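Multiple structures follow.
Shared between the two complexes below is subunit A, which pairs with subunit B and subunit C, respectively.
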Partner chain A sequence: MSVNISNRSFRPYTGEKARITRAYDYLILVLALFLFIGSFHLHFALTVGDWDFWVDWKDRQWWPLVTPLMGITFPAAVQSVMWTKFRLPMGATLCVAALLIGTWITRIFAYHYWNYFPINMVLPATMLPGALVLDAILMLSNSLTVTAVLGGASFALLFYPSNWPLFGMFHVPVEYGNGQLTVADLFGFEYIRTGMPEYLRIIERGTLRTYGQYAAPLAAFCSALLCILMYTLWWFIGKWFATVRYLNKI
Partner chain B sequence: MKQLLIKCMASLGFILSLYTLNIATVMAHGEKALEPFIRMRTIQWYDVQWDKQKFNVNEEVSVSGKFHVAEDWPVSVPKPEAAFLNISTPGPVLIRTERYLNGKPFMNSVALQPGGDYNFKIVLKGRLPGRYHIHPFFNLKDAGQVMGPGVWLEITGSPSDFSNKVKTINGEVIDMETYGLGNGIFWHLFWGLLATAWLLWWLRRPLFIPRYRMLQAGGLEDELVTPNDRLIAKAMLVGVPLLVLAVNAMTISEYPNAIPLQASLDQILPLSAQVNAGVVDVETLKAEYRIPERSMEFTVKVNNRSENPVQIGEFSTANVHFLNKDLQAAYQGDSTSMTAFEGLSLENPAPIQPGEQRTMTITARDGFWESEKLNGLIRDADSRIGGLLFLYDSVTAARYISSITAAVIPKFN
Partner chain C sequence: MATTSEQLPLVVENKNAEPWYIKDLPMYLKGFAMLTVIYIGLRLYQGAFAVASGLDSSEPAFEQYWMQLFYVELGILAVFVTGVWGYLWLSRDRNLDKLEPKEEISRYFTLTMWISIYTFAVYWAGSYFAEQDNSWHQVAIRDTPFTANHIIEFYFNFPLYVILGGCAWLYARTRLPLYAKGISLPLTLAVFGPFMILVSVGFNEWGHTFWFREEFFAAPIHWGFVIGVWFALGVGGILLQGVTRLIELLDELEDAP
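Entry: the complex of A and B
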C-alpha cells in the first residue's frame, strides 16, 4: 500500500513508472470525457430538457432557475472526487465542457440534420463561466462550505447574465398577427414542432410579480439558494460513489 | 469457436440486410392511435381544403376548413381550455407563416367552447423539397392530438431557395435561418477556449496516481497547487464575473427594447351556430354496430322545420365520410381519400317534408370502421359515438349539419 507515505520518504515516479502513470492519466481522461459527455448530457436532457433545447423556452423565470440547479449536480460530484483525492480543481469545468460537447453534437446532428431545425433555434446555453468560478473558489478556499455557498450561488447568479449576450437578441419584439412577439416566440410559431404545442411551454408561470417586472433576478437568487443545497447534496453523492481502492493497491 | 463466430456474424448480417432491403418511408404518424371516442367526439372537422398540393420551396400553400367542437365532449378528456391548431409534419419541412381562427390571426394556444363552430386557415411556406403526408390537427392539452384529414404535399425545388426574412419592430430585417447563429457560436467558442486553457493548465502535468500519492504523503500541498495556480484562479475569480457583467450590460444597451417571451392564451369566440343551428333537428335514439357487416345503424328522429324538403346526404366522423350515393352531387366534403361513396343507406330515402317529424334508420357501412380503428369503440370504457350528419335542401341545396351522438350497442352476429 502506498497510502500514508511520509513526505520525507516520498519519491516521485521516474522513468518507466512515470511513463505508465502518464498513460494511465490519458486513459482515465478519455474515458471520463466520454462518460461525462454521455451521462451528464443524458441527465441534463432529462431534467432541463426543453428549456435548453428551444430558444422559445428560455424565459426569465424557469430557465434561470432550473438550468443551474440541474447543471451544478455533476460538477459538484466530480469536484468532490477530483479535489479531495487529487487536488485537481477542474471538475466543474470538465463536466460542463463535456456537456457542451455532447449538446452541440446533438443539436447539429439530431436537431438540424435529422429534424431540420435551424441551429439558431436550438442553440444551447453555456454554464462555463459559472464552472470556471466554481473551480476557482474550490481551489482557493479548499472548503466545501465556502464553495457551496459562494460557488453554488455564483454558478446560479452568473448563468443569466452570461447567456444574455447569446440570447438577448432573440428577445427583440416583432409585430406579427396583430400582436407582439419576440423573435424567439416567432421561431416557435413558424418552425413547426408537431409534438410541442405552445401550451406545453412551462414559461412565465408563477407569481414572481411582487417586485414588478424583475422576474429574472428573483429567479436567479432563488436558483442560487437552491444551488447551495444542490451542490452540497451532489458533493456527497460524488463522495459516496467514488473509490480509490484500486489506487491503494498500486 | 472461430467458425461459430463467423456463422453468428453471417446470420446477423443476413438479418440486417433483410431489414435494409425493406426500408420504406413511414406512411402514418399516429393518426389512428388516439382512442376512437376521442377522435369522434372532440374536434369534428369538415370542409377541409388545400389550395394546392404541389408547389416550390419558398412558395406559400394554405389549408382552410371548419370544425365543430362536439357538445358530447367525453368526460375523461379535459375540456379544451388550451388547444393548439397545429400541422403534422416530419420536422419543419414547411414553416407556418399565418394562422387564422374565425378570420382572426392568432399565434398562441386558444380556448375552445364545446358546441362552438369555427373556421380556420393556416398559411404555410415550403422549406425542404420532398413528398410529405400532412394533416392539420389540434393538440388538446392533456388529451392528445386530434387529426384532421391528411393529404400528400409535394414540395419541389432546392432547399437553398428558401428564405425567411422578418422585420423586427425596430425596422431591422433579419434572416430567421441564421439570425444570432454567428454570435452564439462566437460566445460558445470564447468560453470554450477559456475553459480549454484552464483544463490544459492542469492536464499538462502528471495527474491521478502521482497527485494521489503526493496528497497521501502530506505536506506537499504547495506542490500540488502552486502559487502560480493560485494567481491564475484569483484572476479568474475576479475576471470572469467582471467580464460576464460587462458583456451583459453591453447586450442590454444594444437591445434596449427586448421583451420577455410572450405567453398569453388567445381568446376567440365561436361563430354563430353552423351545426345544430335549429332549422333541422336530429335526435339519435339508438346506435348499433354490426361487427360482421362493419356497419353502424342509427335510429334517428329528424324534425324538418325548414320550408323545403330535406334529404340526408352524408355522415362524417373522425375524417371518414359515408355518402348517400343518391346525393353525391351535393357532397361538399374535403379532398380526403377516406370517403365511402356508397357507404350511407337510408331506410326511407324519400325527402323529409317541411314540418315532418320522421323516425328512421340510417346505416353507415364500410371497411373504414375497421381500417381506421373506429370499431375499437365497442371495447372502450366510453363507447359513445359522435359525428356530423349532413342534410340537404332538395330545392335550394342548402346544407344543414347536425352533430349526433349515441351510446353504441355491439351486435356480434
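Entry: the complex of A and C
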C-alpha cells in the first residue's frame, strides 16, 4: 500500500534562513567528527584493542570475530538517529571513517614516532567496505530487520576478505631459529613488548591446526550471527540515548 | 532586493563583521587553537623527556620533570574550573522570559560551539592519548600510577574535558529558556557519562595493583572507561532538541535576503 506524503509544510529555507541552517550544519559536522573519533575510538581500543594494534594478533580465530562484533556497535547506534530522524544514510560510514582517522594518527605519532614500533607492525584494520554496505542496505530497505540480518551479516563477512590484501603479506611463512613462523610472528619476537606471548600460547588451543583453512571462515560466520544480534541491540541503545526528554531534577 | 544608497555605508561598514548568529565564532576558533597548542605541546614534552626521565619513578629526575608537571596541571585546572564555571554562573541571564528569537538562535549556536570544544577535548583524551597509553606501557614497566602518559591523560585530559562538558551544561542551563525550565536528559547524559570515565581511573589503577595486564588492553579492568564513553551518544538527543527549537525560532523570524 502506498502512502501519500504531504508536502504542504515543506518549504526550503532561502536567503538568511538558509545561511543560518547551513552554518549550523557546518558546526555539527565539526562537532560530530571529533565526537566519533574520540568516543568510538576509546570504545574500540578497549574492547578490540590488541587485535587491532598488533600484526601478530591478527589471527584466524579471534580477530575476525571480535573486530566486527565490537565495531558494529556505534555504527548501529548512530544509524538509528541519522537515518530515522534526518534520512542521512551515512551513520556507519561516518563512525568507521572517524575511527580510521583516529587510529591512523595514533599509530603514526604514538607507536611509530614515540616508541619506534615499525608502522607495518601496528597497521589498523579497515571496516569501511562493511560500513558502506551497511549504510546502503539501510537506505535501500528502510528496515531495521533487513539491515540487521543482511547488513549485520555482511559487515562481519566482509571484514576478513577486505583486510586480506593489507595483511596477507605478513602471513607468509619464514624459517627462523630452525622453526617455522609467519612474518607477523617475527615482528612480535623482534620488538619485545612488556607483556608478551600469552596470546601466542592461547592461539594454539583446540582444533585450530586440524581445522586449517576453515578457521577464518568459521570465525567470520560466527561473527555474522553475533553481529545481527549486536546490531539490533545497539540500534535501540542509540535510540534510547537520543532521547529529547527534559527532567525536573537530577 | 536592491541596496539603496542610504544603506550603502552600513553595508560597507559591516562587510567584515560576523553574521549575528555566529558572533562567538572568533572565540570558538581561538578555543580550538589554544587546545591544539596545549595538546601538541604536551605530546612534544613527552617526546623530549619521557624516555630520558620518565622510566623510573624513584629517580630524582622523575620528580623534577613529571611530578612537577602533575602539580602544575592541577593548579592550572583548579584556576580554570573556578574561573570559567564561576563566570558562566555569575553572568547568567536573569530575564530569559524576554529573550528575542534572534538572540536565542545565536545562543543555540554558541551552545553548539561549547559542545564542539568539549568533543575536541574528548578526541584528545579518548582517542590519541588513550591509545598512546597502550603504546607507552608496552615499552615501559609501570611502577607508579603517575606514569609519563598518565600524568597527561588521566590527570589533565580527563579533568579538562569534564570541565568543558560542564561549561556546555552550565551555558545551556543559564542562557537558554528550554534548558532553564527543565534539565535536558541527553545533555546531562553526554556530560555526566564521560565524567564517570574520570572516576573509573580509580577502578583501573586499583586493578593494576593486582594485575600487570598490559598485554591485554581490552581487559575487563578497562571496561569502566568503555561504558562511560557510550553516554557520548546522548549528543544525538541534544541535536534533536536543538534542531526542533531552531525550526520554531526560524519560523518566528522575518524572511531576509
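Just so it is clear, the second predicted complex is superposed on the first by the 218 of 250 C-alpha atoms of A that agree within 3 Å, B and C clash if a C-alpha of one lies under 4 Å from a C-alpha of the other, contacts with A are read in each partner's own complex, and residues count from 1 in each chain.
The definition used in the following text is that contacts are C-beta pairs under 8 Å (C-beta built on N, C-alpha and C of every residue); 3 or more make two chains touch, one makes a residue touch a chain.
Computed from a predicted model, the values in this text were never measured in an experiment.
After overlaying the two complexes on the shared chain, residue contacts for A:Y13 are found with subunit B and with subunit C alike. Touching more residues of subunit A than its counterpart among subunit B and subunit C is B. In the superposed model, A:I250 lies in contact with both subunit B and subunit C. Residue contacts after overlaying the shared chain place A:K85 against subunit B and subunit C alike. Of the two partner chains placed by the overlay, only subunit C lies in contact with A:G238; subunit B stays clear of it.
Within the superposed three-chain model, A:T194 lies in touch with subunit B and with subunit C [touch as defined at top]. With both structures placed on the common chain, the touch criterion links A:Y113 to subunit C but leaves subunit B unconnected. Touch criterion met: A:M169 reaches subunit B, while subunit C stays clear of it.
Residues 13, 21, 24, 28, 85, 114-115, 117, 193-195, 198-199, 244, 247, 250 of subunit A lie in contact with subunit B in one complex and with subunit C in the other. The touching residues of subunit A, when paired with subunit C in their complex, are 13-17, 19-21, 23-24, 27-28, 30-32, 34-35, 37-39, 41-43, 45-51, 53, 66, 74, 77-78, 81, 85, 102-103, 105-106, 109-111, 113-115, 117, 193-196, 198-199, 237-238, 241-250. Those residues of subunit C lying in contact with subunit A across their complex are 19, 21-22, 43, 46-47, 50, 105, 108-109, 112-113, 115-116, 119-120, 122-128, 130-132, 134-141, 178-179, 181-186, 188-189, 197, 212-218, 222-223, 225-226, 229-237, 239-241, 244, 246, 250, 253, 255-257.
Taken together, the subunit A residues at the contact with subunit B in this complex read 2-7, 10, 12-13, 18, 21-22, 24-25, 28-29, 56-60, 85-90, 93-94, 96-97, 100, 104, 114-120, 123-124, 126, 128-129, 131-133, 135-137, 139-140, 154, 158, 161-162, 164-187, 189-195, 197-201, 203-205, 215, 244, 247, 250. Across the interface of their complex, subunit A is touched by residues 29, 82-84, 86-89, 91-99, 104-109, 127-128, 139, 141, 145, 164, 166-170, 172, 174, 176-181, 183-184, 187-188, 191-192, 194-196, 198-199, 202-203, 206-221, 224-225, 229-230, 233-234, 236-237, 240-241, 243-245, 247-248, 250-252, 254-255, 257-263, 265 of subunit B.
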